[in-house]
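Common to both upcoming complexes is chain A, partnered first by chain B, then by chain C.
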Partner chain A sequence: MDDHLVGVLSNIGMISFIALSAYLLLIVGEISFGQQAFFAISAYASGIATAMWGWDFWPGLAWGTAVAAAAAVLVGIPTLRIRGLYFSIATLAFAEMVRLVFEVFKYQVEIDGEMVGPDGSDGFRDIRYIFENDITAVEYMLMIYGLLAAVLCAFFLLERSRLGSIFRMIGQDPVLAEMQGIDVTAYKILALGLAGLVAGIGGGLYAHLTTFVEPKIFNVMLGVHSLAYGLIGGLGTAFGPLIGVAIDIGFLESIRAISGYRMIAFGGLVAVLLIFRPRGLLDEAAVNWIRLRLRRRHA
Partner chain B sequence: MVSRAFACLVLASTIAWTGVPAAAERAKAQVVCTPADRKLVYECEIMLMGRKSGAPLEGAKLVVGADMPSMPLAHNVKPVTASPGGKPGMYTATIELEMHGEWALRLDVAGPTRDRLIHKIHFGASKGSSTDQGGRTNQMKK
Partner chain C sequence: MVDFVQNCFDGVMLGSSYALLAIGFTLIFGVMRRLNLSYGPSIMLGAFVGTLVFLEFRAGGLAVAAATVLGAVLVGIYVERLCFWAIRQGAAVASMVSSFAIWMQLEEIVTIAFPDRTYPFPPLTRAQPMDFGPFFFKVENLVMFGCAVALTLGLHLLLYRTRFGLRLRAVAESPDAARYMGINIAAVTFLAFACASAIGGVAGYLIVAQDGQITPLFGLWATFKGLIAMMLGGMGSIPGAILGGLLLGIVEAQSIWYLGTEFRDLCAYALLFLFLVFRPGGLFGHALAERERLALRRV
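Coming up: the complex of A and B.
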């Protein structure tokens, strides 16, 4: 397979995690501009584990993901008592705070005569696990998609469970959910923790694929994109954000001929989509229609 | 529900992977990029060598790509395969940027060793020098 195609597909897979993370919060009715923070925390934490502490990839990824999820819960406890726009601003402020912390975060150790580790604004180089262990680009892409399939399975199970119904209920009407005896804040904190975990998986994978992370990568643009994926692809199913990612990265790749104007064309496409499909391509109505058709076919 | 959960478990368990350590010497590079005749097009000369031995790395397949760290995934350069240059370890590649600013040049080395080197270079319309705060030798000649 062509190296460039493998790179593009790997990017689509990796970014799908942060898109799913933002989607989970959209389901519970919260708009987060800060999912890139958890992506970044896991990228650094898992990179430190494998490149500096010599951990294996899977424990390193699990560690990064756990740290991201814990950070999300810690952020959720004070911020989820505020709602709507205030919550969105709070998540944005947190993400910027995380980025600025990484701008000054220096922690390096000497490995084989080279200094390895986060070096403030210069970033964190040499997260070389996949090169040291001779994992090819195709193998790593398959690992990304294997994990993505597992996360998607978890999403589908969640959406058919009582917890998923509670999340949707809170997203539709939190006051009504509270009147039904549901602890809205507790469930939102749980959703934020799970969203941090999902973003964390993507962050760990990203760091090991690129071998290099720096604070600038995790700026607000990544957060806005992650939110846009759900809004473009649709909020009716977990496939929605994935469609959003495929449209974003796929569309940008397909119009390389107009290189300098690609983002303008993309912005226009997003605007048109949101005018005609305000809840995305695969919104709840579209998903229900597809389910009905499938049931009729099987009946 | 149970069958779906089982299918998910099976899928997750197939993901586990164990790697085989590679022993080849790591690479390092010196990069010099010069503006070409066309706007935003740069000719890059890349000197590849062994990180410890300093010996020129010949016969490598070098693929050069670039990403703009401040705009992740939005602005990147389609990777190009570098051609061997005039002397041992020297490779040249032409890259076309989308805009000026700081770019992270991604050098994927295959052949005698497999490595990925990242070099941050500031490509400016008026600036004649570049920076890589990691201490690598990178230049953008005017």
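Coming up: the complex of A and C.
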């Protein structure tokens, strides 16, 4: 495979994690502008583990993911008592705080005569694990997609489980859910924790692929994009956000002739879609329709 | 102590520009109960229209100001039609996301149309800073503060002394009741949006003229500062917007002095986050009361 294609596919895979993370919160009826914070936390934490503490890749990734999930739960406890617009703005404020903390965060150790580690706004260089261990770009891409497949499986299991129905119910009508004896706030915190975990996997993978992270990548535009993917693709199924990512990165960014106008096309597309299909292309109704058709064919 | 007091004065001056931005923001929110995140970018586009008039025709301050306000109003109308009018009542979150998408579009249009990063903008005055004992003030800041006060008074008269203001308040109080009284809600919200955009245009002109230059980043800055100031004061409250802006300005001025410039935005977001968690209604808002009212309406 040629390098450009592998690069684009790896990108689609990694961004899919953060899109899925925003999608999970959309299902419980909350809009988060701040999923990039968990992506960033995991990128830094797992990079520190492999590049500075000499950990292996998998424990490093697991550590980064765990830190991101823990951060998400900690943020969820105070912020999920407030809802709607207020929660969205609180996540935005939190994510910007995380980014600005990384702008001043310095933690370096000397390895082989060179200083390695996050250096404030200059970023975090030399997260070289996959190069030092001779993992090729194609192999790494397969690792990304293996993890993505695992996360997708988890999402489909979730949709069929009791937890999934509770999430959907809270998203449809939190007052009604509360009347059924469901602790809405606790389930929303759980959803945010899981979303932090999913974003964390993507962040760890991202840091090791690019070998260099800097705070300004994790700005609010990344968060808004990940949110928009779910809203374009549809909130009916976990494939929805993936379709959104494929449209944006696979189509708009990768075709050079239109990539200069990407934001104009993408922004307009989101705005128009929100008018005509407020819950995306593959919304719940569309998914049910497809499911019925498939069932009839099998019968 | 002299430092602290001088910082407070600086903060009030800085804060009056935030207050100006927050007034337009809060007017839209007060009438529509929706958040227009494209507010800053539409002001930014207006300021670029102003700079174009300045560069092409060597126009004076007044013509540039008029062009800025006109540009901001036209872009504001575009945003209103696409993100607010076209999206059905009640879908506040869809409007918010849609306005974020349009934000990206507007920013991209400006970066393509104006490829250099910074453009000159005619300054407001060339007067020297004034001294009062141990303290000093910039003339532009005093003008800005005066404009903030004048605009607030004007808006107060418009809201409480005219028939249009009465209609506007009726729509803000209860859209359904207003409709039964024969008020054309779409027309009222449209005019309120145009008013807010004009106020935004004035604010934008004053701020950009003080800086003497404009970059596409101004949109992000204006939205965030206006948003934080509005949330601190309480969404939908005009006195709240003024006080919120001043509070934000003072906190920023103190943090620049005592902690350093890199902590300025961090402190602003931390303040916002704390307010959202402990007092989501802001200084003058009624977040909890509003939630209860919505719950009651559902029953």
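Everything that follows uses one rule, which is that the second predicted complex is superposed on the first by the 294 of 299 C-alpha atoms of A that agree within 3 Å, B and C clash if a C-alpha of one lies under 4 Å from a C-alpha of the other, contacts with A are read in each partner's own complex, and residues count from 1 in each chain.
Here is the rule we use: contacts are C-beta pairs under 8 Å (C-beta built on N, C-alpha and C of every residue); 3 or more make two chains touch, one makes a residue touch a chain.
Being a predicted model, the structure only gives us computed values, none of them experimental.
**Student:** Do chain B and chain C fit side by side on chain A after the overlay, or clash?
**Tutor:** With chain A aligned, chain B clears chain C, so fit.
**Student:** Looking at the overlay, what does A:E103 touch: chain B (first), chain C (second), both, or neither?
**Tutor:** Only chain C is touched by A:E103; chain B is not.
**Student:** Is A:W53 in contact with chain B, with chain C, with both, or with neither (first, second, both, neither)?
**Tutor:** A:W53 contacts neither chain B nor chain C.
**Student:** After the superposition on A, what does A:A271 contact: first (chain B), second (chain C), both or neither?
**Tutor:** Touch partner of A:A271: chain C, not chain B.
**Student:** What is the contact status of A:P78 with respect to chain B (first) and chain C (second): first, second, both, or neither?
**Tutor:** The second partner, chain C, only.
**Student:** Quick one: the Cα-centre angle at chain A between chain B and chain C, nearest 10 degrees, please.
**Tutor:** That angle rounds to 90 degrees.
**Student:** So, does A:I89 touch the first partner chain B, the second partner chain C, both, or neither?
**Tutor:** Only chain C; A:I89 stays clear of chain B.
**Student:** With both complexes superposed on chain A, which partner does A:V175 reach: first (chain B), second (chain C), both or neither?
**Tutor:** second
**Student:** Which of the two partners, first being chain B and second being chain C, lies in contact with A:I31: first, second, both, or neither?
**Tutor:** After superposition on chain A, A:I31 lies in contact with chain C alone.
**Student:** Quick one: is A:L231 in contact with chain B, with chain C, with both, or with neither? Answer first, second, both or neither.
**Tutor:** Once the two structures are laid over each other on A, A:L231 reaches chain C alone.
**Student:** Quick check: superposed on A, how many Å separate the nearest Cα atoms of chain B and chain C?
**Tutor:** Minimum C-alpha separation, chain B to chain C: 6 Å.
**Student:** Which chain A residues contact chain B in one complex and chain C in the other?
**Tutor:** 121, 221, 260, 262-263
**Student:** Could you pull out which chain C residues touch chain A in their complex?
**Tutor:** Per the touch definition, chain C meets chain A at residues 35, 82-83, 86-87, 91-94, 96-98, 100-109, 112, 224, 227-228, 231, 235, 262-263, 265-266, 269-270, 272-273, 276-277, 280, 287, 291, 295, 298.
**Student:** Would you pull the chain A residues touching chain B in the complex into a rising list?
**Tutor:** Of all residues in chain A, those touching chain B are 3-4, 7, 11, 15, 57-58, 113-114, 119, 121-123, 125, 128, 130-135, 139, 143, 146-147, 149-150, 153-154, 156-157, 160, 210-212, 214, 216-219, 221-222, 225, 248-249, 252, 256, 259-260, 262-263.
**Student:** What residues of chain A sit close enough to touch chain C in their complex?
**Tutor:** 31, 33, 78-79, 81-86, 88-90, 93-94, 96-97, 100-101, 103-104, 121, 175, 221, 224, 227-228, 231, 260-264, 266-272, 274-275, 278
**Student:** Quick check: in the complex, which residue numbers of chain B touch chain A?
**Tutor:** Contact set of chain B toward chain A: 1, 4-5, 7-8, 11-12, 14-17, 19-22, 51-52, 63, 65, 67, 69-75, 78-79, 96, 98-99, 102, 104, 106, 108, 114-116, 118, 120, 133-134.
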